[in-house]
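Chains here go by letter, A, B, C, D and E, matching the order in which they are written, and residues are numbered from 1 within each.
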């Protein structure tokens, strides 16, 4: 990891020197020593970049922010899971892929706050970054990737199965308990690299599709809406769950749909450059058993 | 169509895994049938009889037993009706109801004897079968000379080491064969097992 | 008390979202042929199943629907060539979402009913009303709404 | 502030018997926004409409709800009435209390309660409606006709006769289509070419028609009234302007043994050729795949012989773009292939009939050429294998048709008629010949049609057997090669064996190979077999669901000549209706984008079934990029609203069914 | 070339009156280094009798054999008799297309059966071995043979179940034999039925059908009929004398098994192949 960090700093400095990028979006340390996003614009500042197991945040969210766009041509440090979000953004024409230099880190897994291994790492889709401009780290250093079946047996998928095994009313009761804590701070939306709408439907009031107050009804409506908007798009980076101050594991819902997309339509978002959106396309042979 | 009739039609369709109403009477089955010219009721008309509920009349037809099961009819049917399967179903019904065409008593008895032979031995014992066949021929009030005619083949075959007293390697577990027979026959009222 | 009372006289509220060119005309045909069915259904006419957003279904539950019906042209018959194929894909995913959230999918009915299928419309609506009557009011979703009001 | 009038109809007894109309009117009065609530016996009648108009005028209503029958019945009527009174027609809503209420609910209490709710839904929607203005689209008054068979010719002539320009595109070197190859036509037995060739010449000479033979439509862009079509004019290697059609070139061409596809390979042609003597234009084409010059650069006899200097070996395909307002598709048919090669993977050949294996088993169009005076045998029925005149011909109907196992499930409609014709033409030429027909049913509905079939049987002595044929084999019998046809006669119940000299298969009609690809270019639907779909099987038989694109002839389904011609004229009439105005008015119920909010994620672009949405760049005055947005082409949008459902930020909305309107409808049902 | 392995279901005929076919197949495949493993305790497939009398039995009997093959871990099973091969394939189709049938059959035959075994005929075995491999072992040319390849009714039917060759104009035997130097003739009755099923019950019809077949082969210039069916062989061979008598024609048309001809090409003697045991003498 130290060597990766060294390589990363060298790469960043070089990119800035050669003006292949005007800003490097990466991880650095705050005054209190916490890992935070940093925006490096001068080659000499590249030494401030860090790479360690605390780099759990998905920085891709910054790519679509107007204030970041103003800094000029970006380079960005991504983990393999984050890299998938870049592919989705490019597929949805939110970024011009060739205008972003993507530095992919070979990842051994990261911690969430308080040093716990991140739950998303338990369902890791791959430790080696794909569709990036440069890879830092060696493939052989990365842990072995899980097979689809192994993934299904671990972490959040297991939790989803547990929930699905409950009778419907208990499932609903579970989510009522969870959503009743939601304060509608929209941190989930803020942290999501794929929530980039200019104005969210939740903020529109003609018609008011989502009750704006943090009522249970509004919370349900909001979370259903959010989940469905990410159907076939969510790359399971877990940023929403990590960001939620109420501690709601929002990612579970997204994963359910990601799972369905993979099972029923063989669609794994962010793994195919140029993939068409899952919702917005169709196949005449889509299978279902409930339409009469 | 009476209820009994529709029941019989349903029975035929179930046994043959086919829908007789798919047939539009084009005659292609009769046209291609190697026995079409000698049949009393050709395959097209057999299907028609089933369509109209006259399953029993169809099952009485001689043609049901004249069929050589070559599958030409089913293969070429433009509506994919399993004609050959319908004829098999009619055979089964004619046996169960004891209404098979008289002239083919021998054939029916032979088919039954064939199955009894397998039930007993697990595999066919040809000598037993030919002997039984000849006995049937003599016993069934048909021209004994005709039966004798094939008797000539017996020694001829034996001479060429073709005819065996026992199958090459006897089946060890004969009981299981019997159980399979009993399970299959149990569901339908059948007179094959005396 | 009230509960048993309402259950005895429970009349389910059913909101239907149908396309203008097939199912709406199918419902019209049921009328032309005087095919009776229970009066519990309220049809919202939309141009195409492609227009039927999942939000509308949620909204229907929010206003107290006990069941929702969504119906359009048979695959291949869409007036707009492919709107129903798009809809179908969304429904497949939407059901997965509802499933995990514990929202009763047996209260959302999908069907293809053509302009010629007045009888199918009648039968379908009758079945849904009977089924929903048996299920009782959708207290699950209604409790979400009510708890919100109480707060 | 909305001032809404609600008008409830009795529809005589139809509504009033099951709904207490008075009570409904009363209950509606108190709804927010409702200014007046009235009822009348027949709202759609003249006095009913006057009532609405008077109330609008006297009360200054801003919108109208009519509670009566289905909007599919009278929405247009009431919109027109409102417009007369000065209210925007899109401020009219209907509540369907007849088809979906009074006619289906027996209990008057329940029906009345439901009617009130249905009206409430409409009132709530109307409160959120916006006045809409019809969209006006300019029209290019020029038509494209694709396919130069009898249907395409007819459509082109009709449109041109009304004074509009027409481009007629034909992929073969000559117009005429399948009809040009037929011998005589049923049920009159008049010569096909005699009646068709004058029309062929006319399209070539008509000042308003631009005939483009040996050409294919490459690309279609745009929308009704404003299509941009790219046409590929294939290299002909002959300058049609210089060429006089004298024939020196094809008469002198040494390469004379190329199977002529116009004769379905029964006859031969040269490498430079016209497909048949009456070809229009009478200008040859060089088949570069067979011409000696293209193989080794030698020969060039045609070039040397051509006094006009019209031969151009360096000719190339040309792409020509034309602007047209309407498109008529008339791509016709081909015969279902009975051999092993199938264009449609769901079909398989008829191995049992030995087509392709036995030379004397031919299809019906080949037989037409064999008995046509312009055909390879000069009209003498000679069999392909040895040139003998057949003494016995077996005609088999329904080959491929009505055959779910191997062919198509539909009836090809014309085979019964032309088979009867074939037997007659054959018997007229070979008086002592025998004509056997194997058929399943005789379908001869039409003027003088059944009489025609009976004539073949009664007067010309064709022997009809009701049954299909199972197998054909070739045997030498008494020194002559015969086709042994094993069929059945289901009327006697017996198999029938005929030893024939020739067998003619009446193969199913199928759409041409390129039809579905063309349909995709035009956004026109097609069925499982590739026949193009009309908009409504009865009421809109020549329109398609792609506005401005019309159909005629056998590309839409099996059809005979009179039907094709009638349909062609119908399609032309539809084009002329369009062209009778300078602008096209389209329903304004289409999608539109709030460009300030669109994030250009492209979901709508993918979802739109009409490719009506594109991504556009917004720039400031200096030309700097501001953002991208999706934009709807109002000419292409058909108003399905699929885009709205897939838009995550709902920056796109559908007029007439806006989010606001639909939510208002649902919320009106709040209990 | 390594040894190839196939499971082997001889069926009653090959262990009975058509044991010359087994002799021929074994001699031929032995020479080609193909190892046949006979199914342990196989039972009769039921043949025409089962599907004439009881449809369920017609599935159960072959299903038992499929179950035995699966238990033995046999991937490909050679059934040289087309009747057996068709019955096995029909049962396989019934089992794989309907889980209810699969479960019921597993219960009836007292062994689990899922229909995973590939059932192949003799031609498919030759195709699997490969032309090159066979040609490398050929010692004698077959150029004196002008065979009429006779597929009979069941080698290609029902086509959707068997999925073998073109059911109207099959050509796999011709292609194969032509490569070995023979000159196959084109003729008309490749898939016509010889009526073997009726050979005991209705000899008159059978002689008629057999006559049509032998006469057509002769007419098209064949000097031998080649078949891959024990019933066809026996019927055309044994009945030929009757045919000649009834129609007052002499044919002397030898009826060989496909493996006989291949065996001759591989230099195996007529005695080893059992050709000497046929009724009509091979004198070519």
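Criterion: contacts are C-beta pairs under 8 Å (C-beta built on N, C-alpha and C of every residue); 3 or more make two chains touch, one makes a residue touch a chain.
Note that the coordinates shown come from a computational prediction; the quantities given were computed from them, not determined experimentally.
Traced through touching neighbours, the fewest hops from chain B to chain E number 1. Under the contact definition, chain A and chain B share the contacting chains D. Remark: the per-chain Cα centre closest to the mean position of all protein Cα atoms belongs to D. Ranked by how far their CA centres sit from the centre of chain C, the chains are topped by E.
C-beta contact counts were set side by side for A-D and A-C; A-C has more.
Distance between chain centres (mean CA atoms), chain A to chain E: 63 Å.
Separation between the centroids of chain C and chain D, computed from CA atoms only, is 36 Å.
Per-chain CA centroids place chain D at a distance of 52 Å from chain E. Contact of a single residue of chain E with at least two other chains is seen at positions 167. Across the assembly, chain B contributes 72 as residues in contact with two or more other chains.
The set of chain C residues that touch two or more partner chains comprises 54, 59, 82, 86, 90.
Every pair of chains in contact is given here: A-C, A-D, B-D, B-E, C-D, D-E.
Residues 54-55, 58-59, 62, 75-76, 82, 85-86, 88-97, 99-105, 109-112, 124, 140, 143-145, 147-149, 151 of chain C are the ones touching chain A in the complex.
Contacts from chain E toward chain D in the complex involve residues 166-169, 188-189, 216, 219.
Contact residues on chain D toward chain A in their complex (touch as defined above): 596-604, 606-607, 615, 628, 646, 648-651, 659-660, 663-664. Within the complex formed with chain C, the chain D residues making contact are 70-72, 96, 98-101, 103-107, 110-111, 113-114, 117-118, 121, 523, 525, 545, 589, 607, 609-610, 638-642, 644-646, 654, 656-657, 662-663, 665-667, 669-671. Per the touch definition, chain A reaches chain D in the complex via residues 92-94, 196-201, 204, 206-209, 229, 276-277, 279-281.
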